[in-house]
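Letters A, B, C and D name the chains as they come in the text, with residue numbers starting at 1 for each one.
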Amino acid sequence: MNSIYSELILEHNKSKHNKRELDHPDHVERGHNPNCGDDLTLQLIVKDNIIVDAGYIGSGCAISQASMSIMIDMVKGETVAFAKEKADIFFRMIRGESLTEEELESLEDAIAFESLNRMPARAKCGTLGWHCLEESLK
Amino acid sequence: MNSIYSELILEHNKSKHNKRELDHPDHVERGHNPNCGDDLTLQLIVKDNIIVDAGYIGSGCAISQASMSIMIDMVKGETVAFAKEKADIFFRMIRGESLTEEELESLEDAIAFESLNRMPARAKCGTLGWHCLEESLK
Amino acid sequence: MLYRDYFPLLKHHPEIIYLDNAATSQKPESVINEIVHYYEEHNGSPHRGAHILSVRSTEIYERGRDAVRDFIHANRSEEIIFTRNATESLNLIAYGYVMHEIKSHQNIVLSITNHHSNILPFQQLKHLGFELRYLYCDETGQFLDSELDKIDENTFLVSLPIISNGIGVIHDVKSVFDKADAVGAIKLLDAAQGVGHMEVDVQALNADLLVFSGHKMFGPQGIGVLYGRYELLDTFHPFLTGGDMIEYVTEQTSSFAPLPERLEAGTQNVEGVLGLTKAIEFIEEIGLKNIHAVEAELTTYAYEKMKSDDAIEIYGPTELNHRGALITFNLKEVHPHDVASILDSHHIAIRAGHHCCQPLMHHLNLQSTCRVSFSVFNTRDDIDKLYNAINEVKKVFYE
Amino acid sequence: MLYRDYFPLLKHHPEIIYLDNAATSQKPESVINEIVHYYEEHNGSPHRGAHILSVRSTEIYERGRDAVRDFIHANRSEEIIFTRNATESLNLIAYGYVMHEIKSHQNIVLSITNHHSNILPFQQLKHLGFELRYLYCDETGQFLDSELDKIDENTFLVSLPIISNGIGVIHDVKSVFDKADAVGAIKLLDAAQGVGHMEVDVQALNADLLVFSGHKMFGPQGIGVLYGRYELLDTFHPFLTGGDMIEYVTEQTSSFAPLPERLEAGTQNVEGVLGLTKAIEFIEEIGLKNIHAVEAELTTYAYEKMKSDDAIEIYGPTELNHRGALITFNLKEVHPHDVASILDSHHIAIRAGHHCCQPLMHHLNLQSTCRVSFSVFNTRDDIDKLYNAINEVKKVFYE
């Protein structure tokens, strides 16, 4: 079986606890992937450089939704700087660049997407949420 | 050696006895072959359905000039119908269609071009004069 | 000999179940060998030289034109133009003909089932002021009768696919083209999904223009065909210009060679034409009737099997004689890309996405779908494995 | 190993002396084998599928882009667009950029040595009102200084070949492009005769746009390249439109993918790109320096030999460091097609005609010429045989 469809990812895909509309978000960033039809929108509320709330809406494959959801779990309550750093590490992981053990560990649950670096057809799904995050925090 | 460059053809190519400008020709037909740069013009004087005089001018390869010259020798003094019939037989020979022995013999010296049916790159050279003739007599 | 054994890739990889034939076909050994043979024995620049390799390359190229002519029952070799793929053929029509001839009060009528390549070249000309209309189909892919009324006296051109790569419907080309004839519109048929699967006869189909790609019919990549009825094609303006399509060139103007050279600029792809010629031979060796019988049987088998499963939603024709050798479907609640990825891990190659048919998808209110498409080498066993793998996908997502 | 032994066609046909390398190159075994390997192991539709064959085909295709990028020292992979040949690349520039951007008061400056493919695409746009100017050369192929004054503040684009396939001159690209830079004109270089024979570095050459064909540099037929400086290329309008180059398509309008996909419509030729990649590897294995040394030595040898013969008239550069690996000539009083035909009967492949350079021929007052063009596998012995065969031609015509 394709290792990417791990319990963790399927769990996020199913629970959808981060799939919700925020009231008055500060940032709304739509990410889409014309080839697959993934179309997800990330919403953030940022106060004093802290991501105080985040959620997403839209439709997409299991990988794009799980990655978005795991990302939200990871950055919610954290500083903008922290989120940017994680995004940078995540993108480097997907590009197949070698990470320090520290860096890899710091990705926590998002490590589940490591094998996307050998699945170019799906890498765009896994990075969609992170691209939304990066754009929002620019 | 390539059989097409026979004595006969080279002789015509050299002698140039049909390469001359006619006074007051009835028909002037320019034939050209953009790919090779052959550019020959056939001139005819036709009286009472008889080709009383013919000549050509221009520049071209040995094959185009010799073929034109041999053709002129063959049709000069003959009827238009005779010339048309010979043109038809000549084209069929070059296309590689099978001719009766009678037909083949009737081409006289022009038989020298038979091998052009196996030389597609040069067939256009050999038929240039005959195309001018056909157009003139239309 | 099993049909599968004609295809080296499938022989070398017995594990691979290739069900993406509508995207591109696998190549028979005879086609691959012929390409090698060409480069090892005959390779030269066509059309130009007096030397043996150039002459032979020209002969191979022109024999290929004759082979295509015979294969699609064209009248004359000059009616066959070689391009790089069906997409370029369609662009040639748009740039070389439509752009010069259409009037602003006219319209072009496209089937909503058209592939993007059969839509965008016309959209690109919309600044000329004409109207772009669509024939809508129902969910089985049939045009409603009233739709054909969109074809009217101002219709310049009508274009549709013989088989939709999006939902597999075999269109009733005749009814559309009869209507086009009644108003004098140009009839363009996209045969990319038809050639090699069914008889494609430009006379019987009554097409003015017809396009297809070599790579979808066992030929190599990089070669496509435009067929045009002679009187029409001869009015085409040059599209790509450059070497080999000219008569005389001066600094400011040029005159052009007659058909077919006029529409083929630059050094042509002899390898591609030869591969295509061999692909036609391959098809004729096996026989279109046999190919069709095998594919129809498989399509029925797969359709019945999938239909009996409530978790699977199938799109397109329900009457199987209206369906080409492909099935688009979705597994409920599962995104098609997830289905395709998991099937891939079981060595089953299918396609997921919009299949270059976004307007159709939008019309049918679909985001994206899975597609399985068959070829003569597929078997019932392939379909059983497909179905087992779909059950694995269910386990992943439903349990 | 002799260089000749890398080429199966030449190994199988020891009698053939191939001196038509400027028209198309012979293919090394490694290139042919790689094509077979692709169809036997990896063949799939690129860009579209999630399955392994599609993924691998995409990887092969994109690795090919990187290989071309490195080979011509481009900055970014997106600067490399794959086409079917140099001719299509030039048409893409004309239709995708010039047509949209040029103003009627502007001018385009072409070298009189340009190949038809580097003339006609611009002629086709002349209805837009701009002026087409030519840089004239002397009989050795050098531009007179005053000619560069034709490049002025209204010049939109300047285009020339790095090596003329008509008379073999290696142009002084720098002087022309410096002048173009001084007035802000776009600099287009036709490198069809340069790539594979000499270092072609888009940075060092200071080219904005550069084109070449795979089949002239040991690659397969049906693949060509357009290089464009990113900032410039990114302003190009789509040219061919259809599958795979879009983002979103609706019935009436579409949005397009970013570079490089935006300029590559329809199913792409992975086989061609892979063959080109292998051809680059072949060139790098032998080394451009070695190739150049061999070709320069042969050119000198042939030039000296032919020059010493009063019956032979040679055209083009007299200083051999201004000459690429080709010589155009005429045998006095003999039509070049007769020369080529007789040489062919001695198994010597040369080219005769206008070499798709009619404006140049007219400028130099030539009807047509013979051309011999060399590659790394040619030898002095080939040239001796050529010369002996020319003597046979003389016997036929002079005696």
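Basically, a residue touches a chain if its C-beta (ideal position, glycine included) is under 8 Å from a C-beta of that chain, and two chains touch if they have at least 3 such contacts.
Model, not experiment: these values are computed from the prediction.
If you compare B-C with A-C, the chain pair joined by more contacting C-beta pairs is A-C. Using mean Cα coordinates as chain centres, the one most removed from chain D is A. With each centre defined as the average position of its C-alpha atoms, the distance from chain A to chain B rounds to 79 Å.
Taking each chain's centre as the average of its CA atoms, chain B and chain C sit 47 Å apart.
Centroids of chain A and chain C (each the mean of its C-alpha atoms) stand 38 Å apart. Chain C and chain D have CA centres that are 31 Å apart. Residue positions of chain C touching 2 or more other chains: 48-50, 54, 246, 248, 337, 341, 344, 352-353.
Within chain A, residues 35, 119, 121-122 each touch two or more of the remaining chains.
Of all the residues in chain C, the ones that touch chain B in their complex are 47-50, 54-55, 58-59, 246-248, 257. On chain B, the positions that touch chain D within their shared complex are 1-2, 4-5, 10, 35-38, 59-63, 119, 121-122, 125. Those residues of chain A that touch chain D in the shared complex are 34-35, 119-122. Within the complex formed with chain A, the chain C residues making contact are 334-338, 341-342, 344-345, 352-354, 367-368, 392, 396-397.
Chain contact summary for the complex, chain D toward chain C: residues 8-9, 12-13, 16, 18, 20, 23-24, 26-27, 31-32, 35-36, 39-45, 48-54, 84-88, 90-91, 95, 112, 115-121, 123-124, 126, 132, 134, 213, 215, 220-224, 238, 240-244, 246, 248-254, 265-272, 337, 340-341, 343-344, 347-353, 356, 358-359, 362.
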